[in-house]
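Scroll down for the structure; my scribbles are underneath it.
Letters A, B and C mark the chains in the order given here, with residues in each chain numbered from 1 onward.
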Amino acid sequence: MDTATPVVELKQITKRFPGIVANDSISLKLQKGEIHALLGENGAGKSTLMNIVFGLYQPDEGSIEIDGKPVIIDGPNRAIELGIGMVHQHFKLVQPFTVTENIILGSEPRKGARINYRKATEEIRKLSEQYGLRVDPNAKIHDISVGMQQRVEILKTLYRGADILIFDEPTAVLTPQEISELMEIMQRLIQEGKSIILITHKLKEIMQIADTVTIIRRGKVIDTVKKTETTPQELAEKMVGRNVSFKVDKKAAEPGEVVMHMENILSKNKDGMAVLNSLNLQVRAGEILGIAGVDGNGQTELIEALTGLRHVDGGKITLHGKDITNLTPRKVTESGVAHIPEDRHKHGLVLDFSVSENMVLETYYKAPYNKNGFLQYDEVDKKATRLVEAFDVRTPSIHTMARSLSGGNQQKAIIAREIDKNPELLVAAQPTRGLDVGAIEFVQKQLIAQRDQGKAVLLISFELDEIMNVSDRIAVIYEGQIVGEVLPEQTNDQELGLMMAGSTVKRGAAHE
Amino acid sequence: MKKVYSLSLIMVLALSVILAACGNKSDNASGGASEGKGSSDVKVGMVTDVGGVNDKSFNQSAWEALEKVQSAGGASVKYLQSKSDQDYIPNLNQFVKDGYSLTWGIGFNLADAIKTVAGQNPDAKLAIIDSVVDAPNVKSVTFSENEGSFLVGVVAGKMTKMNKIGFVGGEKSPLIQRFEAGFQAGIKAVNPKAEFIANYAGAFDKPDVGKAAAATMYNEGVDIIFHAAGATGTGVFNEAASRKKSGQQVWVIGVDKDQSLEFGDEVTLTSMIKRVDTAVEKVSQEVIDGTFKGGTETLGLKDDGVGIADTSSKNVPADVLKLVDEYKAKIIAGEVKVPDTVK
Amino acid sequence: MSKLMKIFTGDSFILSIVAIIMGLILGALVMLIGGYDPFEAYSALLTRVYGDSYNFGEAIREMTPLIMTGLAFAFAARTGLFNIGGEGQFLIGMTAASIVGIHVHGLPVYIHAPLAVIAGAVFGGLWAAIAGYLKAARGVNEVISCIMLNWIGLYLSNMIINNYALLDGENRSVDIQPTASIAIGWLSEMMGNARVHWGTVIALLAAVFFYIFMWKTKQGYELRAVGFNQDASKYAGMNVNRNVVKAMFISGAFAGLGGAFTVLGVFGYQSVMASSPGTGFDGIAVALIGMNNPFGIILGSILFGTLTYGSAGMSFSADVPPEIVRIVIGAIIFFIAAQGIVRWVLKPFYAKRKKEKVL
């Protein structure tokens, strides 16, 4: 197989941005009919490389060959002509349009001046049958699930005649069931003669589906290996550049008294729909409660209600027996809740502030940082220096803009700030999202350390692995309600997945 | 998103600054060209109000008069346009400190500035149009606009078919109200039944407001509008011209100069002439001759300081013009008293 | 001191300077096309402004309100608000100062003048706070409410002057009491009667206040946080709505002060205005040139004031139409906003510098 002409060959691709070399003479061969995984940490240069293949960037050095012929890809249109299609991580779909309309957008079949919808629908139906991509061509995008939307994205590339498909972190937004369906679709595509490049940092998926893996670190190719000749451990080490442990080391939990209690919480959105509906939840001291659920089932609202960012229309939230329902965020913070927010750019940091200024975002008004209305920058800097050291936030200086830190270090800074408040309850919403293996390990250890100090920790995550590994107890949220509670050692992905999809499972039913 | 939004606002801002500049760009570009054309070393300067020398009104009249003085070899002349009322004093001072023999302030808006500068520079000679500044070194020239307006009022009163006549003023000031008072009295004298509507645009440099005001009046059935609104009046002419094109029978009475030369006979019924040019020429000549004296001069019908345009015969029938002449004689003789304030 | 050096060698400072130079060059090109001599024109411009003490004083008079409206825009911009209502706030400040200056009698100068100045600041601030309140309470975009408030401010000012302070038979208010004047008599005499006033000193202090308030106080920290990231501010327990109103009030107070200076220091009365004076809008340009930095704004208003005040000299001595200056200013704003163009022009220089660094 190695002797065959690769469908795509990248030769010594180098791409520089001001200050950094994003891709440093990267070479890669994609053979026909294989799934080639591109593995690397965030910021390793995977996306840059794929954007070059898709014509969004021009390489500074090196060349691209398609089917053995050198080509210059000067834009996405050229890439599509060459049979390259990209399934983006964030779907680029028009919500109020139908599936058909979205697929043909930009290359509509015409009949005179009008769009020939019948022909389009027919073609799409044929394509979906051929590749096993069941989807209703006449449904509106906002009516179909995320997994279905992804199929529309795939169909879009196939409709344009793509033979080479690039998948950018395709599983990030899917449920476990949807992930396994996607895997099947990818297998089918390969059978039909397509070739796939899969960008990911999830080792599990690679081991499951990829044929070849190319590992990139800091813009350089570290190695290209056959899946059959490697192990997850080896891949992880190559990706991060050092030893990593997958197992989260932790002692058994010693839950104490109930710290936070949510009782019959009701919260409505602007349209009067209940987004949280008779929700009950308890977190005890010395335990990590994980909330599992598919994105959009009330996780965000749950945190907002708890931290005072959302109005609660019914029910009661107590912290150590004290009512904190509908207090302002400041009052909630002062009563002992710390919050690592879901979106660190939107909520967690003021990106245009320095690291130092960000460290007092919630405490700036208190002594010793505030004296007679003047901010005491000496004190602020002292605190920042201490936290940066203690939590190993890698920053050139505490006066560096938070914006220029890497995602992992931004997250570390937030965690440092929140833990430093010495809270009763630590709310961690997706604390490892977008982080690389090393940073994930750090964050999870911090959560466990908090637990071991007898703090209550509420963990919300869309990564089932994280929920399973870190939590002491798991509550599943579905449509604004807690639909079940399980212990991690007594459940598995399948059962959780079903619960997340809304079925109430009887204990043991999923155990075969 | 926010950034894009504010950036585009900024771009629009930058563009509009440039466009505004281009739009204003004067065709006769600069203040008084070659100096030393004549043998005289007399220099006459002039400061406009914010209207500028292309206002098709008194600033322009005054500047044309000065250009005439220059081409006759009597003096070299120059003007400065004011961008805001804060510029009046420094602009006047620019001439005074440069040793100009006479500095004009055109328009009553400059009265305070002239007074200040005259007081601070007792040796300088200054002159002002349309306002009285009481200082020994200032010549104030005013006009009996009410008398001239009376005459065009007679024309309007005689020639209206709808029996509805309008007046569009610039800023509502005692000066502009003199126009209105005389005009209204003229109409009353010959056509007591005619309806009269007055409207003030509030500005002399807003043709769009003038156009809107004219449109409102024409819609209400007015067929003749007299404007005393400087450049704002341009809008009145534009509105009339477009209605004329669509067959509606409407007229405008011009002001200050013979505006039929500018806007055509089709819409200009007649014009109330205010001889700013004569006054400017006369006083400038006094400086050249060395006979300049401070004080106030009011020019009326009898001095030919105001009057009706010579070209009026094109649109106004002879019998009406005869009536106008009769009233003119009566006013000069003092038989008819023209009010100068609106009741 | 090293901080100061950083400002002058910083990227944004260099970009501004280059944008200004490009604007001047563009103006020179336009002059060449029009058949004028740009060197003569620019030197006439500079001579007019810096040639003698009278004109220098008057140029300072021109710059002072620009500092204030520039600070007003920048202050709001730093807190994430687009206050283009400087015009209306300026007018309301003028009117408030006029009324206090005219109708309050019998106070000594050291009380009356400050009172009139403060009235201008407070009412200018309140005027802006209306837009702030509408945004906070009703979500009305401040750009739209500010534009409307500009017009309302213009006509309200005229109405107040017409009804409560009109000088008979004139188009302006009666004079303010001499005790309300902030003109500096002795300096004015020394500078050939140029209308210099204490407002300039206050304007410079206002820039210092801006700096200290914004970067040294707790409140300034909060305002900046809200300006950069409302969501994070809310998360951190700040009251975003209250901060929006506060920010607009302070911003409007700056503009209102500018208006008060014009009445109390320059004219001594207020005209009934046919149209807005434009100082508020020019302040936006000044803030842009000054990169929303208070000290940059002082430099920006010196530039802007020099150009506009000097334009009369340009047309007087070099016969160049003063409108050319508007083209120059417009071009400078354009180049500052379109930084990409400036960076592109600078590219070869940057490349060189980097290489040197490597060596």
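By definition in this document, contacts are C-beta pairs under 8 Å (C-beta built on N, C-alpha and C of every residue); 3 or more make two chains touch, one makes a residue touch a chain.
Worth saying up front: this structure is predicted, and the values here are computed from it rather than measured.
Chemist: Could you tell me between which two chains the number of C-beta pairs in contact is largest?
Modeler: Summing C-beta contacts for every pairing gives the maximum at B-C.
Chemist: Whose C-alpha centre lies nearest the centre of all protein C-alpha atoms?
Modeler: Per-chain C-alpha centroids compared to the overall one single out C.
Chemist: Quick one: chain A and chain B, Cα centre-to-centre, how many Å?
Modeler: So the centroids are 72 Å from each other.
Chemist: In angstrom, rounded to a whole number, how far apart do the mean CA points of chain A and chain C lie?
Modeler: 47
Chemist: Just how far, in Å, is the C-alpha centre of chain C from the one of chain B?
Modeler: Averaging C-alpha atoms per chain gives centres 33 Å apart.
Chemist: When you check chain A against every other chain, which residues touch at least two of them?
Modeler: In chain A, no residue touches at least two other chains, as defined above.
Chemist: What part of chain A is in contact with chain C in the complex they form?
Modeler: Answer in residue numbers: 307, 309, 328-331, 333, 339, 341, 346-353, 357, 361-362, 364-365, 369-370, 373-375, 377.
Chemist: Which chain C residues qualify as touching chain A in the complex?
Modeler: 216-222, 224-225, 228-229, 231-239
Chemist: Looking at the complex, which residues from chain C come into contact with chain B?
Modeler: So the residues of chain C touching chain B come out as 34, 48, 52, 54-55, 58, 61-62, 80, 82, 84, 143, 158, 169-172, 192-193, 195, 262, 266-267, 269, 271-272, 274-275, 277-278, 281, 284-285, 288, 308-309, 311-313, 315-316, 319-327, 329-331, 333-334, 337-338.
Chemist: For the complex, which residues does chain B have touching chain C?
Modeler: 2, 6-7, 9-11, 13-15, 17-18, 20-22, 24-26, 29-31, 33, 78, 80-81, 83-87, 89-91, 93-94, 97-98, 108-109, 111-112, 120, 170-171, 173-174, 202-206
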